[in-house]
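What follows is a pair of complexes built around chain A, which joins chain B in one and chain C in the other.
Here is the complex of A and B:
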């Protein structure tokens, strides 16, 4: 009624009249429309009040969160009221949720206890240069001995050897660190190969293996000299090759400084970047 | 004709003092209804605009500061704050929220325990949310053993599974910033967030190993070993209790390669007076080189122990094995 009253006596009178009439005669189509609109007004008012309250809650939560360090700001809040308690809980909840999210984002091992604490589930995140890639999971029994029961780690990753090398019974962290290093190195090599295929269409991949630990490429040097390039990734915990071999029919070329520079680039940089650098130098077409 | 009449009355009604119930009643009522409808419609328009404005404000709020995620108990708590919960429902909301907060606390504790990295603050801000793409700004700080870190980056998420880190910025409060500098600039250049944290963890583990080793030597050879910078520093001082002029320093430091490998660097620096060197020059002068070759074959702990035993620093009373 708030809105109607603000429009003066006239509306009020007409409203009374309408009411009086509706008691006697049949409601007219316009009257039902009035009812409809009134309901809509009420609904909108409720919505508005809700949004206002929501906005207010947001602002208070913001203040609570930002004053995590500086607690003096909280003083003007009513200490005892139920709503301020809920607000505090909400702020803590959102803070903890964000912290957990941060843990995940920075690649922390995510641990979940299973079977009433008898075992644990661990996730290992992998990524390459800012792109998040596969997440791998391990389930471990901790009672009576630490033992890997299930996992989705690719079979070509030497899981058992890694588990033997780092003593699972004393420190699970060392094992997870090495495993994570191997997994990240693997997805890193795989991602490099993918990027190289995307960025260097003229380079032909002659051979590669599933572990991406060996790569044979064919590219063309100026004057149409075809070069065979063998990249060997012997250290499986690294993304970069341990050995680079270039091969071509023109023997003079193998002694050129350009050639040596290419070799060192391929050893120092990820393959797609090394090729970009070589292209810039004019070593590769 | 009817329309003209309506208009006329409309005008009449709007002029105060000219209002007379002179028209036919039916007509009058319809007229007043129209009037009311107009008022109501105007009100609705006004409210709709207000609601829209509030929606926008809420969105802006998300972008200006922290982005909140209202799901599950948080959604119910928000409803509570908006006065939509009544009676016993209130208690349920609070206890559910409390329970989940406790659960989250336990989860965080477990992650810190396993990871050794403690994130103490994380603020998120939504920068862009259009269609399937969402860009959020993250500011995360915490510590890993004694090393304080702060990272800031943009996370772009296209649908569920394509997540990319951009514009990574890393601040590391390390006592030895030199060993990290080239690694850090490479990490920032390539947005290699995960590598940074893997390396940070390895680095702090190696530092912990060093601390343990230093403490071990100090306990085993208390009269010879002293740690001028404390057990967390990189220097260990070896000296004979009665020959104060003759000192060996062991510098145990690390270098981080651009690939993130933590490389151990141990050096032995003898400090022997000139006169003494005349008698002693051969073994002591070449100590630094001999030390490196021992290091390669024996490893750090055994090498340091053999230095302590070998160069006659031990007074006779010390245990020999």
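Here is the complex of A and C:
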């Protein structure tokens, strides 16, 4: 019951009465209110000055970047050399960030800092014929040596060999370019196979492999002649085959000009397009 | 399951298939099938074909062990199926005369090998075949039901026929073939840091109610998915840590004073341990950043670790147990 009396309605009322009595003098609340408002004004003033300073810095950075592009004399900088150096660095930094963003937009790779600057993460985008396909990522430690720590690149892409060939410490750009080539080529070959299966249902895939580096197809020529076609993609950085072999039972056909034309089409065009062309020519049913 | 395989096998007439009553006890079904097969004049060759088909469709029995091929020769990348089949059969037959080998390529580019082992004097034992799965041009091989006596024979044939110089234990095993395959072939979603703005998945909390720990929670979730993947993870069922470290407990002097390491084995099991670990980390039960002991499962693609004092993260010692 004691607890109830300190929390009950009557106690609440008596508290309010005490408050009302202490608020006897009128000027007090007004004064405190005025103080409050003055403090707020100060805070807003400092914020305004801060924003003005930031705006100034940005304007100077813009001028710096433009001046570097136009190779013109620097604008009159009345600050001392320390802050002008900082501004130059900031200008360069924003330039590089924009460049990186642009590079990524055109389908190149993107670099992101991780682990408070102790590592980087590269993202390589792949695509074929204007369609964006998979994105592959590599996380690397930069201290003490450049080393790949985590990635989602499939094991049949020779990542270790490529890393050895171009020295990761100095030639990381070459490594990324070669890796991007290999990945794009693999994805391209895989996409070609998928498109071929969709567009040419009459062509049978006898053999393929997980790296899409070899393809054996069977299609029929007019008069029910079955042709076995072997496509070898020995150069893993390319989407087109390095060797084409066509085989059929009828010996005479192998010498015909149509045959040679088909071989060259399969070497020059992606497989789904080559088959479309061959169908148009009437070589393939 | 067997019913579906029998249909696919296509060596029995529909009438014969219908005459098999799958609600009867196992030995009755077996008897019926044996009679039907004898009627059709089917031989061991056909039965092994049926068994292989069944195993390919339902691989999640027994335990699959993974191996990694090392040091490929220059022409390893151009090994194609015909050549591999020929070479493997030749090499294995050179090492053991009485073997029955069946090689089949599955639609997902996997090469399945069924081996029934005999010995110098006896015919192949078809009741305990070894199954091997390999993806050409990838370095991994998955094996089920291989005794340690026959292991060197298989390993040598595989190494030679895939044009590599060595093979080692990959320290990853489990009952689900697809799970360990997805893990090693990196066919699961990983989470990487990017500059993209995170999607607007934030909860719309009304007015003054603010989640005090929103940042901490988001960071835990991020670290958990970086260590254990995003979305559906491969269904691993266990992780084993064999500890060979010295006992460390300041309150227990007798144990700490011993010179030899305190040997013990820590085993985590669950129907999906990666999912469990991920949940523990994002809920805050496991500390984040995730310890490398746990994140190595996905990072190094293994679930058997030997921890010694010199190398606290995974040591590359192979297991001694029988397969």
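The rule is short, and it goes like this: the second predicted complex is superposed on the first by the 182 of 285 C-alpha atoms of A that agree within 3 Å, B and C clash if a C-alpha of one lies under 4 Å from a C-alpha of the other, contacts with A are read in each partner's own complex, and residues count from 1 in each chain.
Going forward, a contact is a pair of C-beta atoms (placed from the backbone, for glycine too) under 8 Å apart; a residue touches a chain by one contact, two chains touch by 3 or more.
Keep in mind it's a predicted model, so treat the numbers as computed, not measured.
In the superposition on chain A, A:94 makes contact with chain B only, not with chain C. Once chain A of one complex is fitted onto chain A of the other, the partner contacts of A:281 are absent, as it touches neither chain B nor chain C.
After overlaying the two complexes on the shared chain, residue contacts for A:58 are found with chain B alone; chain C is out of touch.
In the overlay built on the shared chain, the residue A:205 is in contact with neither chain B nor chain C. By the touch criterion defined above, A:20 reaches neither chain B nor chain C. Chain A is touched at more residues by one of its partners, and among chain B and chain C that partner is B. In the superposition on chain A, A:110 makes contact with both chain B and chain C. Contacts of A:225 after superposition: neither chain B nor chain C is touched.
When the shared chain is aligned, chain C comes close enough to touch A:150, but chain B does not.
Look at A:102: by the touch rule set out above, it reaches chain B but stays clear of chain C. Shared contact residues of chain A with chain B and chain C: 101, 110.
Across the complex, chain A is touched by residues 13, 19, 29-30, 32-37, 39-41, 43-44, 47-48, 50-51, 54-55, 57-58, 61-62, 65-66, 68-69, 73-74, 77-78, 80-84, 90, 93-94, 97-98, 100-101, 104-105, 107-108, 110-111, 114-117, 119-124, 138, 140, 142, 151, 155, 163-166, 168, 190-195, 197-198, 201-202, 205, 259 of chain B. Put simply, chain C touches chain A in their complex at residues 77-78, 80-81, 105, 109, 135-140, 184-187, 190, 192-195, 299. In the complex of the two chains, the chain A residues touching chain B come out as 3-4, 7, 10-11, 14-15, 17-18, 21, 28, 30-31, 33-34, 37-38, 40-41, 44-45, 47-59, 61-62, 65-66, 68-69, 82-83, 85-87, 89-90, 92-103, 105-111, 113, 122, 125-127, 129-132, 172-173, 176-177, 180-181, 184, 238-240.
Contact residues of chain A toward chain C in the complex are 101, 110, 112, 114, 121, 123, 137, 139, 149-156, 158, 207-211, 213-214, 232, 234, 236.
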